[in-house]
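Shown next, in structure tokens, is the structure this report addresses.
By written order: A, B, C and D. Residues from 1 in each chain.
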Amino acid sequence: MESIKTIFYEEPELNDPILVEGLPGVGNVGKLAAEHLLDQIQAKKFADIISKHFPPQVMVDDEGLIKLVNNEMYYSKGEGKRPDIIILVGDYQGLTPDGQYELSDNTLQIAKRYGVQMIYTLGGYGIGKMVEKPRVLGAATDRELVAEMKKRGVVFSKGEPGSGIVGASGLLLGLGKIYDIKAVCLMGETSGYFVDPKGAEVVLRVLADILNVEVDFSALQDKAEQIDLITSKIKEIETPQEPKKEDLGYIG
Amino acid sequence: MESIKTIFYEEPELNDPILVEGLPGVGNVGKLAAEHLLDQIQAKKFADIISKHFPPQVMVDDEGLIKLVNNEMYYSKGEGKRPDIIILVGDYQGLTPDGQYELSDNTLQIAKRYGVQMIYTLGGYGIGKMVEKPRVLGAATDRELVAEMKKRGVVFSKGEPGSGIVGASGLLLGLGKIYDIKAVCLMGETSGYFVDPKGAEVVLRVLADILNVEVDFSALQDKAEQIDLITSKIKEIETPQEPKKEDLGYIG
Amino acid sequence: MESIKTIFYEEPELNDPILVEGLPGVGNVGKLAAEHLLDQIQAKKFADIISKHFPPQVMVDDEGLIKLVNNEMYYSKGEGKRPDIIILVGDYQGLTPDGQYELSDNTLQIAKRYGVQMIYTLGGYGIGKMVEKPRVLGAATDRELVAEMKKRGVVFSKGEPGSGIVGASGLLLGLGKIYDIKAVCLMGETSGYFVDPKGAEVVLRVLADILNVEVDFSALQDKAEQIDLITSKIKEIETPQEPKKEDLGYIG
Amino acid sequence: MESIKTIFYEEPELNDPILVEGLPGVGNVGKLAAEHLLDQIQAKKFADIISKHFPPQVMVDDEGLIKLVNNEMYYSKGEGKRPDIIILVGDYQGLTPDGQYELSDNTLQIAKRYGVQMIYTLGGYGIGKMVEKPRVLGAATDRELVAEMKKRGVVFSKGEPGSGIVGASGLLLGLGKIYDIKAVCLMGETSGYFVDPKGAEVVLRVLADILNVEVDFSALQDKAEQIDLITSKIKEIETPQEPKKEDLGYIG
């Protein structure tokens, strides 16, 4: 059995497609953003990627049907100013360092085959505390892209992220240079403690603008409100509350 | 040395055999069920599977003879309504994710060679507490099988098992789809704290019914009673007992 | 770089040599016994085995010279009733399960090449407490060997070792069967807490008798006395001593 | 994707070059020393080594540009008594034992290709406490080198380092012997708790002397002072201070 097996269901004809990656990671920011984009542009699945580098596991859906854990590739033909887009999403990233390298290399080979010349990888940037207005940080393969992203409000901050970018969102840039593909990583600030639709929204707003995609963010915003509700309840439990006036009545 | 070596002792002639898998797992439910089935239909070993993906270990039997840890394949010719059956049992599952994938892929290659078109994988579904009347949960590769299993009392419950199915019992379904083999996973509820012959019995009752096998469950039930005895003793030790009347005599 | 590289310094001509293995393990019993045998029969090194399955490490000797960690093979030509002997010793066993399998397989290929038909593997059997008169337990590839070993005082005890035999001492038996080589594992009882020359002595006494080798055990016994001294001192520290009469003077 | 990919930017013509290795390790002594040497002789990068054995990670520089984590090779042509020099530095060593072996083997193949006959590996020797005047310990592939190093003040101390040398600094010596390349490891004493420019300085002083390189140590010494400042502050916090006279006024 090969280490990675890509099963193609269709061979779409694409013109200079843009590759967008959003796999699980910090706050699942990249995954949420890519999946929301996928829904919004009604992208169509054309390939499944299964691999020995993923956990030996099947997922069970609500009907009782199983699906081997995988990564999936979708495409959407462009329209007007919107380019052709390929989206990579999935259940897991590779479990080991060499699995990560092999999977990213496999993605780049597929990208090359479809003529991809530009990649956007989406991820979260964990800062260890709740953040009201998350920034979108960036990293890129060359100076022109840095300049272009700055114009779009992406923050390039010296020393951030200090520990570099780990996983597919980093490797597609690093290995991409060898394949001569330009790439940008967009990272939404997030606490890193929760799945974070708010971080996904800010990242996707930048990307949608770049790709000329109209995005309805209401579904993401609903999810964000649900998470906010949960986290505020947790905060209540954890924070010793100031006694309310009426509780003190017996003193006065 | 190959990663996996299958040593065939016989090449049985089989007609549309059903493959049954029962390897170690939660509560050893699958292993117990498959081994009991094997005894009941007096299946005959035809292959040993040894592998670098198993622990580097030999078992020592009561005579002092060693056996390399392995998986074993048995067969039994059908009779009347009972189909030909292949059973996969063993000491261990693969130690690593890629070992798990390779071993399941090896099993499927053998299955394909003998014309297997249907697989039943057996396992436990750990619920973290003692269970009086364990249910049998199911998952399957297609809708028809889900419908058929429901008729036989198998429970398909939304969100269960939430974390999917890990190991051979899941992979044989997931990879089986690539080999175009249909498959069902039957999971007996179990606490997950003990080897659980009761969970094995409920799973095997469903399977025996499907395969038209007559099974005498007394040996499994004896084991279950022994386990019950042990666990009830442990409970006694752990539960602070209400003081008995006479103990309090000195107070009154 | 190959996973395992065997560097031969000589190609000795050997008649039906017996292979003796003693690698690091519980109480280093096997290693101590094999190294002592090697000294006693003045065996000569004919091969070094280096491998990616060992730690990435060099040892530094008292002169400041380095040696890559390895396994080593020695031989000694027989004399009278003493057969030709090959001895496998080393710094480490393979770090991973598949490393263990590959290294044992490599050993068996070399064994086969020199016409080995019988292997003795030496190890410790950890019992978790100090033992005054350690027994030698056995395990073997066939019934005749069990019977023969019993005559020599080797103990074959139902349920011991309960967890089987892990590492080279087990694998050479398990994989040896595939190479059609007979083998016995001799295990000296040991606490498992210390390097145990006493366990090594009892194992080597049995083996020396089988191989018709005269062994002077004084060096091993000296080591055992040193260990005894250390352990008895540790015991003194750990055991709360009964107060001596005079200490209590101030009470009375 | 290969396990290791060496990307050459230039194929320098070198005469009997000396290879110097300084990768991350205890106190980062070797890395600091090799990088300082590289700056001082203005060595030029001629190759990048990327590998699945490194973390799946990119670094982000102050401009927002990414670089895949790697090892790098530099060269400097000799002058007068100074030989041609190749320097190996990098972000990481291999993450696994077999990665370590493969990477060192790859280095040796490149070394052989450029005619390297002598290697100096640089590292730290952690002693678990602060050290005022760090010694430089040595280990070598042959006696002549030990004698030569002793003359230069390198310490060869029986039983040090007791646990051998782990990683590239050891493997290049151990595997180097197979490639018939002589080698010395120079280890600067260091606490092992901090990045240690002082340890790097003493190691580089020895090496600079051997290679007839003029080195300005001020940059290393500045770093050492900064570290000293930090560690002395930490000491203040950790050490319960003797109360100063004036603090006690209220008592007297």
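To be clear about the criterion, contacts are C-beta pairs under 8 Å (C-beta built on N, C-alpha and C of every residue); 3 or more make two chains touch, one makes a residue touch a chain.
Note that the coordinates shown come from a computational prediction; the quantities given were computed from them, not determined experimentally.
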Maximum centroid distance from subunit B, chain identifier (CA atoms): D
Centre distance in Å when subunit A and subunit C are each reduced to the mean of their C-alpha atoms: 54
Rounded Å distance between subunit A and subunit B, as computed from the means of their C-alpha atoms: 38
Two or more partner chains touched - positions in subunit D: none
Every chain pair in contact, whichever chains are involved: A-B, A-D, B-C, C-D
Residues of subunit B that touch subunit A when the two form their complex: 94, 97-98, 100-102, 104-105, 138-143, 146, 156, 158-161, 164-168, 170-171, 173-175, 177-178, 185
Contact set on subunit C toward subunit D in their complex: 1, 3, 5, 7, 50, 52-60, 62-69, 95
